[in-house]
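Heads up, the next two complexes both have chain A, just with different partners, chain B and then chain C.
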Partner chain A sequence: MSRTTNRQTDLKKRSTLKKFAAAAGVAVSAQINPAMIGYVQGSDRPIRVGMQLHRTGIGASYGRWYERAAVAAVDLINREGGINGRPVELVIEDDGTDPKRGAEVIEKFATQHQTDVAYGTLFSHVVIGSSPRAGELKLPYYVVSEGYHVASGSLNRYVFQPGITDVRSQVSSMAPWVASNLGKKITMIFPDYAFGHDHRDYFSSAIAAQGGEVLELIPIPPTESSFTRYFPKIPRETEVLYHVLVGPGVLTFVKEMGQYFGSGDRPQIFGFIDSLEAVDFSTPQLEFLEGTHFWEGYPRYAQPGQSEHDRFYRDKVGVDQNGASVNDPKDISTYSHMFGCWETLFIIKQAMEMSGYSGPADRPALIEATESLTEFPESRNHPQGRKIFNGRIHQCFGSQHISRVEGGRLDVVHTTSIEDGLYEPEADYTRMAL
Partner chain B sequence: MDLGPFLLLASLEGLVQAAVLSLAALGLCLVFGVLRVVNVAHGEFYMLGAVIAWWISYALFSHPLSGFVAALIVAPVLVGGVALASERLVLRRIGHNPEATIVATIGMLYVIQQGVLILFGPDARSIEPPFYFRIDFPWFGYSGYKLSVILMALGLLSVLWYVISRTRLGLVMRATQLDREMAQAFGIPVDRVYGTVFAVGAMLAAVAAVLIAPIRQVHYLMGLDPLLMSFIVVIIGGLGSIRGTLFAALLIGMSDGIISMFFSPTLAKMVSTLLVALVLIFRPEGLFGRREP
Partner chain C sequence: MTRATGRKSLVLHLGVVALLFLLQFVLPEYHHLTVTRIMILAVFALGYNVLFGYTGLLSLGHAMFFACGLYAAGLTVYHLGWDVLPAFLFAVAVAGAAAAAVGMIALRTTGVAFMIVTLMFSQVVYLATLYFSRYTRGDEGLVLPARARSFELVGIHVNLADPVTRYYIALGLLAAGILVVHRLVRSGTGREWIAVRENESRTRMLGYNTFSIKLKALTVSGALSGAAGAAYALLFAYVGSTFASIQYSIDALLFTLLGGAGTVLGPVLGSFIMFYLIDIFSEYTTAYLLATGVVLILLILYFSVGILGTLRRKWLHWLP
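Showing the complex of A and B:
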């Protein structure tokens, strides 16, 4: 008798548990995805921007700041009336800085989240891995990646890079300054994949055009964690050591470079700030960088004559005058890259408003509207500076900065003009079918 | 750079690599030797050691030296605790079955890795070395801390050698490795030995990580490379052979250092994996392993 009662109580417990579980499930799914409910309601659904984010994996420090810049921009857009009178919603998915996962995220955006566009990713291998899927699914894909892969024509009509200048343009615009101020005999240290290969190919040719030469190319495999072994390959007659590296090993790389050169003679050092994005210059053992030069896409330390747009942008994203988070001075931003996330969102807004975008059926019109853009004047929406946009190669061009490390901070010593970085386009996406 | 200094730098790099590798690989070797368990989660114990070291030096101590000394003691103990718990809760329940434990340790790999990702975050973080001075050779500078890593590893290896060959614990471990059933018949608590050895193996990985963490950076994915290298070393040296493991760690560490410098690091990895293939074909028991009867 008592056994039956027990069993009944058990059954009751079990069914109660099931109900709880079901209720919890509903609550959780509603919490994660409240916009799904909005979507069902019809035309006043938000514009959904799928953000493919390096939340984990080797690009995580960039991801953290890409997210902050994007969230701040979306917040501003929404407070000012959204896009075409509709609010914007950011749907974030982690790609693990992994190309395979990146392509899956694009699929998720297109089929599960039904976002209007995909946006935001940085690492070149993720962009290259995700783009074919975006093209197949006809999902406009706005990247903030820097690589030349967009402008080269190797991707497809659905991929744009309107918010950040590509590596080819960056390095071509700076080569004349490097050759005339630092030296003409260069040794290059770069990551051994697409992004690094862009540096290798286009800086080599740009420096050759200045009468300089690259003495040695030192590619570094992407998973490397120890770097001392590469430095003896730097030829003695090197005048300028050009370094660019990304990933979790960057600080080790720079420290080991300092140890290797010791207090002896060393060549001039010209680095891409990528080697020290999200890294504090006051970290011990980085003192040797004093007097060396860095490329900066957008100066980390506020410069004399700071524009009101830069002040506004720093304030919105939560970055102080030294390029660190306002909440934690040790949390250094990826200032030379993340502005691309901010600016690209305003370009998406501009193109959607031009094309009267109302839903996925208008994607071809959105593509054509984006391609028709030609210039972004310096403004609150484009705080990094004026840019011109080439719709045929889906790429923008802006000014670059060369900064010198002085007293543990970076001071701009040279700014290129947009024209310095222009090159003959090698592709025309507008001829591809939509 | 001239050949002499070039070789000197290559050897120093190789020795640092060999020192850390020998500690990590010995852990893997002990576990396989005694438990016959291929511990795929070994690299994650290494990573966990580095993460705990970061946490101790960052959160608890303001001076790098005291943080380092504390980490050298606390990190292995905590990692050993985690390993002991996972041996009790997972490996023992599947009877240390060789195939099942491979799958189980793969599971442990992901649990530890993702757990650290959630708690520690995805960023690479650096630990300040306990002391920093640069030795300026006429041709290049070299970190004094890196050289001290070689000495510390030698010290730890001597302690380990003493424990295994001169203490009761070592005797019991060797007896269990030789013949489990006979050891049990002589009253050795084999189950307890298994737990202890699994923990000691993980602790060795953690110690290696504490030593290397101030040179490299602490990151939740840092366990993959040492896992691969430890497997290479243990297979070449002979599964379960301590002497072989030490020899192979020196061989692989030095060849990695020298080939990486004179040719390329990719070639160095190719050579060591080729060596594994050759050993497996021509001497499957490893250079120092004993042929199964």
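Showing the complex of A and C:
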């Protein structure tokens, strides 16, 4: 190789390195310099809603639909003039369904993306791991989690759950119907961690109040991937088998339950739809679920007398009458949970408009406005139904549904009243400093 | 190592600490918060490196020591109302004691068996955090009470909710970790660890009690990891069983491999790079772990002994 060629090669290498360094520099500065992200802080900037999303990890099947519901709601809000005349921008960050990453995402929303609020978290451990940072950064944090942790008073004044009823209320409201219609001798199968323990504790006391009893508690460790050894623990005299599981093992669990009971006698089965969210009922080996009952927060299959609000909501989010994506009938939604994302965004809008929210300085006013809300009438903004909101515990309460599997679909057989799920508040966030 | 290279090495390590001190004045707010977290995780990796990098023992269960510190600090504060400082010191002692206890059994094995035994012990700790959910609230975890967000130190009120204070505490812990490990690996103890790593049979033949040397390494490693766990709980006000999961053991291994096992600063560098790789890639793709994996494979291909390990091999032979 000649000297000239060598020199040319060196130059080529050098210029390539320079290009690489320049590209890396731009990439890094975009990371560290919020000014380059493409917005200017000011009154005409969009309202930025930071969505803490379970795009990966065990919550991913929920996250996919949470995102669709949130994007549809933001789109609708923007088409109708935004919030206080300003467009809404959804800033999405994946938390990996991990509490450590969740807390980091909250910090990112508050300081790098400079979102006005954080929103949309489902899994309890992510909510609980993130809430101290939201409180200390004074970032209003609207979760869609179902857990009792918000209402229990263990979090802080910046955390709200205005769009979905908590587990304690859900199970309390259903116990009377279960005791009257299915049986009073219950065996419970539940995940052996805090979410399952809430079911265990609150359903046990609710069924006892109805004159029933829990014969056996069967906790399932979170690392379990096969469940056959747990079914023989179900006592013979069990009248109702109550099951709730979440995570990647749910389908295996339900199939193995079917294999265990076979076509012989079995107790009544009452499950939480969490065990089959995002799962198609026509999946082979789920035929045994025919005639069993499920809790549903919001009926997956459109029911006779479907409300215009439900029709509107399905159309906007892209869900068909069977609860599947309009683009793919095998892509089943998490219908009993994701409505909370839709409804919560309209509550944020309502509270921001009530408080005249214009920027982070108005966050205390936004908190107080949210706390002052008391009721959300059924409407297209609240298609799941009317709810009441307790500003002292930052928690809403709505109706629940019990559905029976008939012909491979879920038909509602009972709807609870809101009052069925009310309990005495144990906390008062409004006494905490802002 | 000569006195001159020793001085050079000390200057470098003090320089890194000084650089981290100065960094806080130029960092944007988000990165200020992020670097605080990374410094705590770097202490965890420093601890891991004592066992893996210097003593040659690959543990797949170090999350248990991080979790021991996390829970010992968090539970004493939450349930017993302890102050922050005693809780922290207690947590370090608990993690060190746990490491010694695990070592008494696990160090009877070597190689792959050691990896499996440490993994099993770690699973026991993880499942224990779920089993005793009455006290730990299992996977949901506990938020530490407001009274644990501050403490008095020689008449000074220390507010843990203040980001600047947290940065100084994290920096102080990392600086202490770096200097302790730097001191140890240049001492007779460190040379014994390295001797075991290079050739345990020969070390034994020379009359050294290699079990005791390894036990000492594991105890120091566990205590450092526990210190990181305790600091994480107290600074960020949350304890949960996720931190005891295998993912966190793998994280410590990756931080160390990436930065350079057997170099004091390697795990610190690895912690920074890994954290930002995930942080940046996750903005662009849900396959951020895949992208991170590809980068790691490339790094291992071209920097087989980690970044600082390669620098030491080629140019900085004096790097401890």
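What we mean here is this: the second predicted complex is superposed on the first by the 397 of 434 C-alpha atoms of A that agree within 3 Å, B and C clash if a C-alpha of one lies under 4 Å from a C-alpha of the other, contacts with A are read in each partner's own complex, and residues count from 1 in each chain.
The definition used in the following text is that a contact is a pair of C-beta atoms (placed from the backbone, for glycine too) under 8 Å apart; a residue touches a chain by one contact, two chains touch by 3 or more.
Note that the structure is a prediction, hence the values are computed from the model and not measured.
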item	value
Contacts of A:T223 with chain B and chain C, given as first, second, both or neither	both
First, second, both or neither for A:G57, with chain B first and chain C second	first
First (chain B), second (chain C), both or neither touched by A:T252	first
Which of chain B and chain C A:F231 touches, first, second, both or neither	first
Which superposed partner A:P284 touches (first chain B, second chain C, both, neither)	first
Touched partner set for A:G264, first chain B, second chain C, both or neither	first
First, second, both or neither for A:S417, with chain B first and chain C second	neither
Chain B/chain C common contact set on chain A	55-56, 221, 223
Chain A residues within the chain B interface of the complex	55-58, 60-61, 63-64, 221, 223-226, 228-232, 236, 248-252, 256, 259-264, 278, 283-285
Interface residues, chain C side, partner chain A - complex	27-34, 37, 123, 127, 130-131, 133, 137-144, 161, 236-238, 240-243, 247, 276, 279-280, 282-283, 286, 288-289
In the complex, chain B residues that touch chain A	1, 6, 9-10, 13, 17, 117, 121-124, 126, 128, 132, 134, 136-138, 140-143, 215-217, 219, 221-222, 225, 257, 260-261, 265-266
Chain C contact footprint on chain A (complex, rising order)	27, 31-34, 55-56, 93-94, 96, 98-100, 103-104, 107-108, 111-112, 124-125, 128-129, 131-133, 136, 147, 149, 154-156, 192-195, 197, 221-223
